[in-house]
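Okay, handing you the structure first.
The chains carry the letters A, B and C, assigned in the order they are written, with residues numbered from 1 in each.
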Amino acid sequence: MSTLNPAHPLGHAHSGDDAHTHHELSFVRKYVFSTDHKIIGIQFLCTTLLMLMVGGSLALGVRWQLAFPWKTMPIIGPLLFSSQGGVVPPEFYTMLFTMHATVMIFLVIIPILAGAFGNFVIPLQIGADDMAFPTLNMLSYWFMWPAIGFFMSSFFVEGGGAAAGWTSYPSLSAQAAAAPGSGAGQTLWLMGVTFVGVSSMMGSVNYMTTIINMRAPGMTLFRMPTTIWAMFITAILQAFALPVLTAAGFMLLMDRLVGTCFFTPGGLIINNAEPTVGSGQILLWQHLFWFYSHPAVYIMILPAMGMVSDMISTFSRKPLFGYKPMVYSLSAIAGLGFIVWGHHMFMSGMNPYLGMTFMLSTMMIALPSAVKTFNWLGTLWGGNIQFTVPMLNSLGFVSMFIVGGLSGIFMAAVPVDIYIHDTYFIVAHFHYVLFGATMFGVFGGIHYWFPKMFGRMMNESVGKVHFVLSFIGFNCTFFPMHLLGVAGMPRRLADPYNYPYLAHLLPMNQFMTYSAILMGFAQFLLLGNFFYSMFKGKKVGRNPWNANSLEWTAPSPPGHGNFDILPVVYRGPYEYASPLVEEDFLPQTRRLTPEQMAAVKPPATAH
Amino acid sequence: MGLFAGCGDQHPSPRFALNKKTLELDKIAREPIVKALQENFGEPNRLIAWQKFPFDYGVADPKAADASRHEAGWRLKEGRELYMRHCLHCHGVSGDGDGPTARFLNPRPRDYRAGVFKFTSTLSGLKPSHDDLKRTLQNGIPGTTMPSFIVLEKGPGNEENLDLIVDYVRWLSARGELELKLVSELAAMGGRKSEIEQRVAEGKKGESSDTLESIMADLKKSIADGFADALQESASDLADSWARVEQPESVVRPKVKRTRPDQESIKRGRAIFLSKEAKCADCHGPAGLGNGSLTEDFWDIPNTNPVQKYKRPGLHDAWGEPQMPRNLTSGVYRGGRRPVDLYRRVFAGIKGTQMPAFGTVLNDAQIWDVVNYAMSLPFHGEQSPYPEEAPEAAPAKKVASSQH
Amino acid sequence: MRKAWSLFFLAAAVVAVAACWAAPGMHWWFPQKSPGGHAVSPLGNQIDDLFYLILVITSVTFIGTQAMLAFVLWKYEAAPGRRSAFTHGSHSLEVIWSVVPAGIMLFIALYQMDVWARYRIQSRFDPYAFEHPIAEVTARQFEWRIRYPAPGKTLQAKPQPDDLYTVNDFHIPLGRPVMFQLRSDDVLHSFFLPHHRVKQDAVPGMTIPVWFESTQTGEFELVCAELCGWGHYKMRGQITAQREEEFQEYLKKLSQSQFDDGVLAANAAGAQQAPAGEEKP
């Protein structure tokens, strides 16, 4: 009796692991401190969707100031700054964009990909009954909450939340006197990041172990869906990169609390505080931070790439084009991802020869991304494309990823980066990758696996409206940022129009803000659809999409222990339109008799 | 009196906050002040240009290309716009130095309402001239968070921007100082809450015949009799003090030119610096590091009865903020680095601070010696250049060779 | 009806291309001080050329891939009774679309090296400019403080008694490379000249030589491009590019006003003007 939806008949089916199913679990153990990977995944999903709304509101605050500088900000203005006429002060603006990025990166994108989808999908797709370390998995979710607590409470301390940008470059972040948000807010920020790091690390260890050890019989490495490959590589990235950030965070915390000076050179007089002592290095933080955060950029996209590959293949009803090149390029991205961090620091004053090497490695990392894009197009070519909501979002992913990938070439080129570094061109680029690509991948994933999560479908029409509004709103908000960047508008300015050469860009920024508001409100459609369908959606069986991978052979929703019949894998996950069978899909678990095999001669494949 | 509406696109509209001292008055005593300020100054979005003050509010210019200048008072209004964009966050809507960002800054932004400004070219005790404030806007105040706004007056159509801000600041300062003056008038009439409570308590104990009603009746009568005059008088005084500083005789001007900053002069300056008459070293320290003995004493808070002391040791300025005597070896000069700036700091002191005026104690030659000594301190006694000896422009030959 | 999705994705790409096409005419392009929005420095023009080179390459790729996407969505939408082609990929295609982009990327990277080297590698600096930095620019919250050596002297690392100081107002001579030392007093800042395409972070504890050359007289914005605190947006300065003679004249005037003792200037100006006039620097 350990199912999500006890009303569903399939949920009662006898599960694979008897040890877990034969005793009643209390409500708290079943739904709150659950060790079931599916519940944890759904917990992650709901939490991150909530945080998505928080991060989105912060973004709208930023957009408001850019479109209507020094005008009464709705809601917040009259509430906090009524004596100023509801005008937010500049340090509030710096806090808004810092916390927007923090929430979106650490509390939305990383946990929604690795935490929500990683948890839910990995055991199901490899045919395991749960994660290797269920308790660790539970802790991984619950370590998010101290982080959320630290981040949210930082809004209420003297000086407000951290305001040194999500990159938290010292000495702005190291010296309490440097900015209002560099007081208690910055300390809380560092503690929050540490907890997020611990949470991710637990997940990462778990995923690696699970994928290596707990695959179903017959599930060789090259029969794993690309989602699993992406999650696997992401977990490796996290395991290697995160310790560096955690160490750097501790060093910065020590600088702030104990008075060490890893990151601050001596003799700086900041806001007439006592001069700093010691001989730390400002650039050391940047190196350490980006040594984590550049791989983190890939942590934020690789799982979405994997998921999208699955969805595109499923809804094209065609095998994934170039499965192995896809896997190799995922690995290549991960490998190269460790030697490109310096491209965030071209203008930082580091040795210029390093700029040249980092430019070369950065150019090379564009290559696997290009290969992936061509393979997605190759998958679509000659397919039988079904425009379902997950497919539309996946196509949105491909379309937007092309833009984000191509704009990356501009900033990879050091001389061009001299000009566009720290302008809105950069903001456009990473929003195209992180929102345009990843978030559309996530939207697709939510619609795709929702029937497996709850045994019900999300509403198709609402999903399509949500996609169209998000896609239009997104492009109208972020595409003009490329042009702002070319016009030389720097990031993070509370009042860019203070500079005469930017004054004429105000109307464009207003247009972008209106688009952002449209996009923001469109997300209520997603939330509404999500929660409504959870209880009222159309009920479905095990395999509503006629897909091949293992999760679709389990009940919807799967019980504790996942599979009622132990899956045995006979082939890869993308055998759509196989000539061996009548249907246009051939599940990984379906065993074909020798007669069936002999009936049709399979065409020679490249791999 | 010119009345004009401001832009009404803000909700809630910004308001001029009342001074804390005004809030110490009883409601009845507060009322006439609030009314006087409302009638004569208005609110940020409804400015009133009181013609009593010698500020240029902007004469109506019907031919101006900019339609907003067709009405009188446009300068004040444009000054407000600039102030609200560039100054508000630190100096606050009412110029009380308490904008949202202010509490994170060290030193704190100036509270204009006392009518005291530190770095001026004028004689001791006088207000700053228009050009003094403009100079501060142009150069900023090095070593503080007051940045330079010099670029605001660059570019066509912006030439007057800093003047507009200066005039708005002077108007804000006049408004704030008038409020303070009226508060002390009404306090003299017995309008303080604490005083009223004390008198009521005494009446109840039978020590006097006062009752709340009688006190209030007295207060109302005093206000009715005297407030209108007090208002006019205080405003006139203020207007005079602002007008006076624009007169040539208000400006500190050395009578003799700077002494050549040779070692002799520096030595004499050092002697004066250390002397018992000038006592410079008491605050600035014997080596000019700003660590004199007086910086370690606990000082009385002025106008407190019974006398209270500041919680922190060291000097405090007129705004009650801790104040460090300048470290003269740092080469950072908040009031400007020209010899004449330093001369004025010595001659007229720094207003609102413990730096006294030496104009009556030292003669010009002595002041120049002190200035020469101070200017040599950042360079370990090396002399600073003398204007006549300032080297000529770079030789043209080198420049020519640089053309490639 | 279903073809609508192909058109939907196509429309996004078409609008994007159209927006870029229209951008220069709408002033949504490089900041304009000179006709056509060209950079006002030789290196800046080279940077622009590299930008346009990448723009051409990426535009071709963008149009190609988006057109392909729209085409496959148009052509291969699901139809009853149809079956997809059963293929797992093509080795030769993989090779082609790995090698060709690799070649292009490598070309871009190698082609860009020289401009970067000229901008940042000290042995490539103009020797005269390198040995005669015209000023030290110190960024602090929230202004640019500029220290020139006295006319005819060379800039020293430590302040000299006869150094000349200005704030937010940086004058440079025209028509030759000029180099200055960039420092920071407190936190990170970034010295950004949008019209000259110059950018360099100012790092506390480091002194970084930066050079550029202005080919046009006039006044240009100086922007802080690295978050430096609450007043980051306030940190606006101005570059004034002048002819050599004017620049030397400017330094001379600066020197005179900086060592003004309130007597000489008053005498020079005579009693003709209101005394307030003397105060102006």
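As a working rule, contacts are C-beta pairs under 8 Å (C-beta built on N, C-alpha and C of every residue); 3 or more make two chains touch, one makes a residue touch a chain.
Everything quoted here is computed from the prediction, not taken from an experiment.
**Q** Farthest from subunit A in C-alpha centre terms, which chain would that be?
**A** B
**Q** Count the C-beta pairs in contact for B-C and for A-B, then report the pair with the higher count.
**A** B-C
**Q** Looking at mean CA positions, which chain is nearest the middle of everything shown?
**A** Checking distances from each chain centre to the full centroid gives C.
**Q** Taking the mean of the CA coordinates per chain, how far is subunit A from subunit C in Å?
**A** It comes to 32 Å between the two C-alpha centres.
**Q** Roughly how far is subunit B from subunit C, going centre to centre by Cα mean, in whole Å?
**A** Distance between chain centres, rounded to whole Å: 39 Å.
**Q** Taking each chain's centre as the mean position of its Cα atoms, how many Å separate subunit A from subunit B?
**A** 53
**Q** Using the touch definition from the top, which residues of subunit B touch two or more other chains?
**A** Counting only residues that touch two or more other chains, subunit B contributes 89, 101, 104, 145, 155.
**Q** At least two other chains touched by the same residue of subunit A: list those residues.
**A** In subunit A, the residues touching two or more other chains are 89-91, 179-180, 271, 495, 498, 500.
**Q** If I count partner chains per residue in subunit C, which residues reach a count of at least 2?
**A** Where subunit C meets two or more other chains at a single residue, that happens at 141, 230-231, 234, 236.
**Q** List the residues on subunit A that touch subunit B in their complex, please.
**A** So the residues of subunit A in touch with subunit B come to 70-72, 78, 81-87, 89-92, 159, 177, 179-180, 271-273, 495, 498, 500.
**Q** Once bound in the complex, which stretches of subunit B touch subunit C?
**A** Contacts found on subunit B: 86, 89, 101, 104, 121, 129-132, 135, 138-140, 142, 145, 147-148, 150-151, 154-155, 246, 248, 251, 253-258, 331, 337-340, 343-344, 368, 375-376, 378-379, 382-388, 390-395, 398-399, 401-404.
**Q** Report the residues of subunit A in contact with subunit C in the complex, numbered from low to high.
**A** Of all residues in subunit A, those touching subunit C are 89-91, 94, 163-165, 169-172, 175, 178-180, 264-266, 268-271, 279-283, 316-325, 347-349, 352-353, 355-356, 359-360, 363-364, 366-367, 370-371, 373-375, 377-378, 380-387, 392, 395, 398-399, 402-403, 406-407, 409-410, 412-416, 418-419, 421-423, 468, 471, 475, 479-480, 482-484, 486-488, 490-496, 498-501, 504-505, 508, 574, 576-579, 584, 603, 605-607.
**Q** Along subunit C, where are the residues that touch subunit B in the complex?
**A** The contact residues of subunit C facing subunit B are 126, 128-129, 132, 141-143, 145, 150-153, 159-162, 165, 167-169, 173, 175-177, 219, 230-231, 234-238, 244, 248-249, 251-252, 255-264, 266, 274-276, 279-281.
**Q** Inside the complex, what are the residues of subunit C that reach subunit A?
**A** Going through subunit C, the ones touching subunit A are 2, 5, 8-9, 12-13, 15-16, 19-20, 23, 27-31, 33, 44, 46-47, 50-51, 54-55, 57-58, 61-62, 65-66, 68-69, 72-73, 76-79, 82-91, 93-94, 97-98, 101-102, 105-106, 108-109, 112-113, 115-117, 119-121, 141, 185-188, 190, 192, 194-195, 197-201, 203-206, 208, 221, 223-234, 236.
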